[in-house]
Amino acid sequence: MNKVVDHISDALNGIEDGMTIMLGGFGLCGIPENSIKELVKMGTKNLTCISNNAGVDDYGLGLLLQRKQIKKMISSYVGENEEFERQMLSGELEVDLIPQGSLAERCRAGGAGIPAFFTPAGYGTEVAEGKEVRVFNGKPHILESALTADFAIVKAWKGDTEGNLVFKATAMNFNPMMAMAGKITIAEVEELVPAGSLDPNFIHTPGIFVQRIFKGAVFEKRIEQRTVRKRA
Amino acid sequence: MALDKIGIAKRIAQELQDGWYVNLGIGIPTLVANYVPEEMTVEFQSENGVLGMGPFPFEGEEDADLINAGKQTITVNPGASFFDSATSFAMIRGQHVQLTVLGAMEVSQYGDIANWKIPGKMVKGMGGAMDLVASAENIIVAMMHSNKAGESKILPACTLPLTGVGCVKKVVTELAVLEIKNGAFHLIERAPGVTVEEIIAKTAGKLIVPEFVPEMVL
Amino acid sequence: MALDKIGIAKRIAQELQDGWYVNLGIGIPTLVANYVPEEMTVEFQSENGVLGMGPFPFEGEEDADLINAGKQTITVNPGASFFDSATSFAMIRGQHVQLTVLGAMEVSQYGDIANWKIPGKMVKGMGGAMDLVASAENIIVAMMHSNKAGESKILPACTLPLTGVGCVKKVVTELAVLEIKNGAFHLIERAPGVTVEEIIAKTAGKLIVPEFVPEMVL
Amino acid sequence: MNKVVDHISDALNGIEDGMTIMLGGFGLCGIPENSIKELVKMGTKNLTCISNNAGVDDYGLGLLLQRKQIKKMISSYVGENEEFERQMLSGELEVDLIPQGSLAERCRAGGAGIPAFFTPAGYGTEVAEGKEVRVFNGKPHILESALTADFAIVKAWKGDTEGNLVFKATAMNFNPMMAMAGKITIAEVEELVPAGSLDPNFIHTPGIFVQRIFKGAVFEKRIEQRTVRKRA
């Protein structure tokens, strides 16, 4: 059994038109940038993408939006992408906006075999329309369902040949839950190391959740808002 | 004189208590971190997965993997921790965060808040705001009293799609500190030099004005 | 001749497939780990929070912090990982574990299983068994065909409080391999030297016997 | 704000008769053994204890059972403790037995502000009695509710002065979820280090979940089943 894939085209093999794909990342931080570029190359269409954000116009998921490869986005915040807003307001793009915590928890639930759970988030808003409401401890909650995907594509800092993953700083974000929720989970990593190189006490995503792993060719890691202070 | 953004941030910073974990939204709320009283330890949580945020990095030391919820490059203080988004919202939903400060387009006298969508015009998404307002026990809204057209954003009822209902406890604007309870805004403090009359004129929602309204001390 | 515990474990090991993640219960199931075919990689998950379990430690190298679900001291192989109980059962409930092997007091022809309680007499608790049987797609029960009093434990219906309903797919006993489908046990294989008649005699539940029943090859 | 407590009696201050307490550990592995001994000393009565197991007769929670300090146990497996079985069968002790995965998830839910969730575990068994059943994807599930506690007591390998915790190997088990679910969470640690000593990328329990932390005086770490192999 070998999870390591040498060529990115093999890693993404099987992703077809009309499928649902989860992609890790928050803004441009921790996104599987090599895989996104490969999806552009593959030209796969009518994708439903579950991702907290939609990239910027010329990077990240924005690249797929530009080429109209995405039919539907399931996200929590899309404010950084003008092309997204244009396609959504014109009705070209279906959009399901979800509270960020509910999005994270729904992915985790999908991976954890929990079909539905109650959360207070979104009660009394558009998000609650058509959803069951129930009061717990005097507070209304809505029933949210699990999310899963045909493929989950995540980006990690280090990964080993067993598929164990380690993330760096806030590049972790949605990646661990999405890794759990993919029928097939693909991990692109900055460093690919032999099994036994990572401390088993500090694995963020155990290999059981990862079916394919490869070392990304190039990590541009673009910064969205470069904020700095001057040295004293 | 009406407060500037820094003034609003300074006034909100007075609400902090030692040992609190605090989530600051994008915009004015972010500035609150700069005015924590010196003798106090307050930890800042950002919903993208970090506790213990520090100042912006020195030039050249930015790390693309280390950002806040506003996608800005940041640093962390000793004792910080990183975690995934599910754990981050477990902290928020589970009420482990003692204070949430966020911006708003509209707030109603019942504590309803709208800040994520203008139908047909602007849809950025709610991000973590709906989770934050539905969960937090202690929510302060930092906002301007009026919009650019001069219309009050402190309303009897929100006109925009809601982010949350009955959740806002306190509003700090360039003019005043308002407490929300029993279906009304209660005027607690006014900005230095701002008259009660001006606040009344610019507040569309039901406003309860006590006999004496102290000036803020910043 | 009826199989011993090792024989049962060896037969179950034949069900393994390369790359599978497997959860082994306490007792006979634990022995299965000793008979993984050499050319195969199988990872063992233990619900107390470890993937990649290895053999028992050498004497003097036991670590109180490193145990399996049977509370036995263990070691781990390269590529192992530790995690909390919620994550462990996320793996199980989310069907990331390809095979579950566990013991039983009773199994019914509908795939019901009882293994956690004898009313008024013994209550050890279900541990992780209810989560495992409710979630796993592929469950093999390792058990003895009869109890100490000689009564069949392969039943039309369980008499003891259930652990799960309609979940067991296969049973391996000292006498036979039984597949459960369409409300009956289907006799797939018999232990070397064991007659079909003996199996029929010791099976209380509905048993479908094909014309030819091969002997196990161990 | 100082979370570090020098004396164990201060750490456990406020635990009163009749309260609900969560205690981490699986079997005797990763249990807060110093705190349990202190509870014996305190003599607190009528406790409801949420713990996966109940210790053995003369160690761990067995010590509290011996002294009849526990009114009710909420556990998944109690097979190692004869005194427990005796008290339960005689009716002296209330017992709520819960599937282990549901126990873990209910603690996490309690800490995460999720009042209830659906799980397949226990459907069709005693555990499902009185609980709502709903079918998702053709499979029946039962609704389980969140668990919280007045105090959660956990045991970690290392902890820092901010309350950040790191666990070792399988001594992690229930500790992280229980740390989340306590109104007040007390951590006893083998090593207490200054803030900044632990790598922020590898914190198992962020300090926000921990209100009090102290270095345990003695860690006996008894082994329940010593299984070894001979050297070749």
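General observations
Just so it is clear, A, B, C and D label the chains in written order, and each chain counts residues from 1 on its own.
Basically, contacts are C-beta pairs under 8 Å (C-beta built on N, C-alpha and C of every residue); 3 or more make two chains touch, one makes a residue touch a chain.
None of the values given here were measured: they were computed from a predicted structure.
Between C-D and A-C, more C-beta contact pairs join the chains of C-D. The most distant chain from subunit B is C, comparing centres defined as mean Cα coordinates. Taking each chain's centre as the average of its CA atoms, subunit C and subunit D sit 28 Å apart. Centre-to-centre separation between subunit B and subunit D, using Cα means, comes to 36 Å. Look at where the CA atoms of subunit B average out and do the same for subunit C: the two points lie 55 Å apart.
Contact with two or more other chains is made by residues 105, 108, 112-114, 119-120, 167-169, 200-201 of subunit A.
Contact with two or more other chains is made by residues 76, 82-83, 86, 89, 92-93, 135 of subunit B.
Taken as a contact graph, with one node per protein chain and an edge wherever two chains touch, the assembly fits none of the named shapes, being neither a line, a ring, a star nor a complete graph. Applying the touch definition to all chain combinations yields A-B, A-C, A-D, B-D, C-D. Residues of subunit A that touch subunit B in their complex: 26-30, 52, 75-80, 85, 88-89, 95, 97, 99-105, 107-108, 119-127, 157, 167-177, 204, 221-231.
The touching residues of subunit C, counted against subunit A in their complex, run 18-19, 21, 41, 43, 45, 51-52, 76, 78-83, 86-87, 89-97, 135.
Within the complex formed with subunit A, the subunit B residues making contact are 46-50, 55-74, 76, 82-86, 88-89, 92-93, 112, 117, 120-131, 134-135, 161-166. In the complex of the two chains, the subunit D residues touching subunit A come out as 105, 109, 112-120, 134, 136-137, 141, 145, 166-169, 200-202. Within the complex formed with subunit C, the residues of subunit A that make contact are 1, 108, 110-114, 160-162, 164, 180, 194-196, 200-201, 203, 206-209.
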